[in-house]
């Protein structure tokens, strides 16, 4: 029974990892950027949502929408101002760039919203669902639901919509895309907008649990990276699989081995997986032609 | 890289370093007053994390401390001297703390350090301050090193977590007639010492520890722990963690409908806990070592007034702010008692003369020449309809 | 050239060696020497990271972990096993080196983002394991290593420790320079620029990747040991990702492939927060909140600017200025000559 | 008619990528001291053969024996020691290094001494470094690009870069030199000069050459033997004059609309 409970709450947490990881992978796939700022971007947008709720007094979903809009703008701005100029430079310098962005966003957020944590309302409240000893809270259900919905949307968009196809193409080969008349820059911007919005959704779902403060994402983002690598950094389904897997695994390790070494075990798992599959569970290899 | 660059670099580095050092020389030479006291001014140094992840603690501490100091200055200061506070940010990194404290002591020539926030920073600077015989009032840590063995220059205020946990366990046994206790502890110095204290007291209190579970500093999922505590049939759960996670645990317990007595450390005697946990916090028993939680008491109103006036804000001060405030109270009291011709020896003597001193928030503070370990008794609070109320006026302590 | 070289090195020696002897006569400056010592120590770590990331092109985002290993190895052996510091220091380097070698193996199969995250995980895991391993690390109370003894003389003063750091730094810098200028260094760069071609030229990739990891970890270990005996308090959680990021920052600011750059970058990153705090001191209350995390924001901005405009790091500013100045001088000369010609 | 020593013998070589068979039961032999052309339309699998010879790809079947040894036992970095060095279709130079340093990397496998000798720059290590640098310079002179020794390869024109690659390969003083489309991107004059160079090198250094090339004029002019591939299969082999009038070959090329000189 405990096992099942742990699996379920593991899945709920895993969904949050998955959402952030999804954003990371999406951005990486199309723009080849390992985005360390993802977490702080999400944090920022969550604070925006909070201000809209508390200061402006919008209803929950209004604030939610507002935050998403801001997220999109933020994503586009960052891509345009800081990432696009680097499209030729090495993985390292891009990575460093995102670390720089991360520091700045975090600091600025501190200036705007201060350092003390505050409570963030949940989207849905109400009595938890009980199946025998099993307890599932509404927020957990919400997490699962949102993740599934987003996955579905992604699947459809990527499979059928023009934008999605263009994104996939851009991921494959930027130059050819340009020749084919795809507006690659536009695609890049869109990707960042979507990635940033995914982060915001995750942030808003996480905030009620971690409580809203500057470092709310600091741990989640690391987990998200782990999840992304676990699933394969260039595979969207991989991100989700990785996220859920990590969430569950952490809970089981905590439950049956040692809470203190949770992170260490997570790392061991990653190394193990990567040693067997260097590109993660669902990742694909790019063979360099010579 | 060829040899020429190499040499050029050495020169380049050396010159810049030399300049730095010379500036250092001048900088310090210009202000060589005797240990931070002039006829109308006393220089006080303080350190804590004002940026980085732990800023959420350091910033309110600073607000609380500086609010009280400005309040005193507006009343003419201490024995005609105004207090000047230099608060250094160490980002919770002991290497930075040591740098900051060295600067405060050697460059700024502060008279005393108060307060100093954060276990790593305190542990890294304790010996240095002892060597330099700089008074160190209120090292903000639950670690026991500052208190034992006695250091002539160091005055601990809040009880360390080991001692506190012993008291809490005893209290659970005596007043909540606990049989089976569970401890949910944060995987940090706080939790570790709390657990240690509980274990040490089990036998004396005649209770048994049926479950103990640790969570990481950033964990958000506590379902496992609640489940296991429930399974183990714990009737009392002692929480050794910080506000956010304490709230998370309480929510989880409510969610699973786990009925047990929840007891937690003074770290959580903080109105934010209610803000965060909402009705899940109802019935929680919180320890307090000072009158820092009963919002309706005149003392607290006075504190609020000062805090909000000097930070020109309307926000509710957090528990950390109260700690900063109390540091100010004790420091100032010590300075008062040290008298007009002030020196460090005098301050130490002054502090050692405190006999169950009661300030605005600081309560029952006693120091002697042989004991600088601060508060050893707790006030017990309960959370009822969204506020924290005292369970009884008299403080609870271990019988010797 | 040679005589100038000799002169400069003499001058350098004087400027490097004398201050700790002279300055204390005027003022109490151990704070500044403490900072300079820290700079030197982080410079050593950055040197190692530079060889790994800048030259061999292997990303490591968990480098502080190696420093932790060095620090705790040195702390444990000196405190618990009574080793002399002078044995513990190199041993700490080797211990870290071995762990770097070990990490090199998973690294063999990984590249780019996968390697980055794997090392990130390593950086997260090592402190956790150390904290849990209380018998070695002292848990959350950490260890309090002692100042090294030299022929019965205690190097507890920062001014004295400075010489230890300086000598180690110069030695490590010299070694790094030799490696970079050698066949090994070229193999590293070859790895970075094209693994395919490197292999085709007979470079054993596995060997050189693990070597790069081990060698740079060795540097971090030495830095860790020096750090432990300077600060004389080490807690496992202090060697966190923040520190690793600082290393990367120093590296980028120093320009990735310049040994003097590495050292300058480390000095810059160490000095930045203290400098900024000194400057923002005594701001009016309203601006305090700003001042608080200003160093962090500034560091971020510097990173962004460097990546955008200074691929060779801040040293590029320096060289750029020099070039510009030289050009100006030349320009002026030109004008003068024209004038004389006219007249 | 002197006796022919076979240096390289490829037997029944087969390479598969997933379902696709890139090279299908290919066999050919290269005699020591000759220049052997490996030609065929795009996608015929020429580069794949090279990648097998340099052990980047693992063949599904077949054997490669070089100088009497089974090459398939050697690791990718061991191929050079065995005596085979290659150049790349699209230049694979180390852009972070000067021309000279690139050539020095070519000599990598000829270096002796340990890492620690490098680290402490022992007299031995320094002497060796000096010697190798001189050797590298002579190689550069041989190719007539000594003047660019200290330039960064990125700053050189394409033709020069190709030469640097050849220099880097020769620096490892190989028995067998694999040239992957050396003339691609060169103008006719450059190509002609390159042709002479290759022949000349073959003679001077006694290097055997296998040449993958699209420029038929070049191939026909300098090769002693030619193997023609199409869709991973060998469709013809022989001396240039035989190949020139081989119907299968003509068909293959006319199919691609390329004409044979």
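We call the chains A, B, C and D, going by the order they appear; numbering starts again at 1 in every chain.
Keep in mind that, in the parts below, a residue touches a chain if its C-beta (ideal position, glycine included) is under 8 Å from a C-beta of that chain, and two chains touch if they have at least 3 such contacts.
Because the structure is a prediction, the values reported are computed rather than measured.
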{"item": "Chains touching both subunit A and subunit D", "value": "C"}
{"item": "Centroid comparison with subunit C (C-alpha atoms), farthest chain", "value": "D"}
{"item": "Pair joined by more contacting C-beta pairs (B-C or C-D)", "value": "B-C"}
{"item": "For subunit B paired with subunit C, centre-to-centre distance based on mean C-alpha positions, whole Å", "value": "34"}
{"item": "Separation of mean Cα positions, subunit D and subunit B [Å, integer]", "value": "72"}
{"item": "Mean-CA-position distance for subunit D and subunit C (Å)", "value": "42"}
{"item": "Approximate Å spacing (C-alpha centroids) for the pair subunit A, subunit B", "value": "36"}
{"item": "For subunit C, residues contacting two or more additional chains", "value": "131, 181, 196, 289, 292-294, 296"}
{"item": "Touching two or more other chains - residue numbers and ranges from subunit B", "value": "51, 55, 59, 187"}
{"item": "Multi-partner residues of subunit A (each touching 2 or more other chains)", "value": "107, 110, 114, 260, 263, 290"}
{"item": "Touching residues on subunit D, where the partner in the complex is subunit C", "value": "54, 56, 75-81, 85-86, 88, 92-97, 101, 104-106, 108-109, 111, 115, 118-121, 125, 129, 132, 168, 172"}
{"item": "Residues on subunit A engaged by subunit C in the complex (per definition of touch)", "value": "28, 34, 82, 85-86, 89, 91-97, 99-104, 106-108, 110-111, 114, 222, 225-226, 228-229, 233, 258, 260-261, 263-264, 266-268, 270-271, 274-275, 278-280, 288, 290"}
{"item": "Residues on subunit C engaged by subunit A in the complex (per definition of touch)", "value": "53, 57, 59, 106, 109-114, 116-118, 120-122, 124-125, 128-129, 131-132, 196, 241, 245, 248-249, 252, 256, 289-290, 292-294, 296-297, 299-304, 307-308, 311"}
{"item": "Subunit B contact footprint on subunit A (complex, rising order)", "value": "2, 5-6, 9-10, 12-13, 107, 110, 114-119, 128, 135, 137, 206, 209-211, 213-215, 218-219, 251, 254-255, 259-260, 262-263"}
{"item": "Subunit B residues within the subunit A interface of the complex", "value": "51, 53, 55-56, 58-60, 187, 213-216, 218-221, 223-224, 227-228, 231, 243-244, 247-248, 255-257, 272, 275-276, 278, 318"}
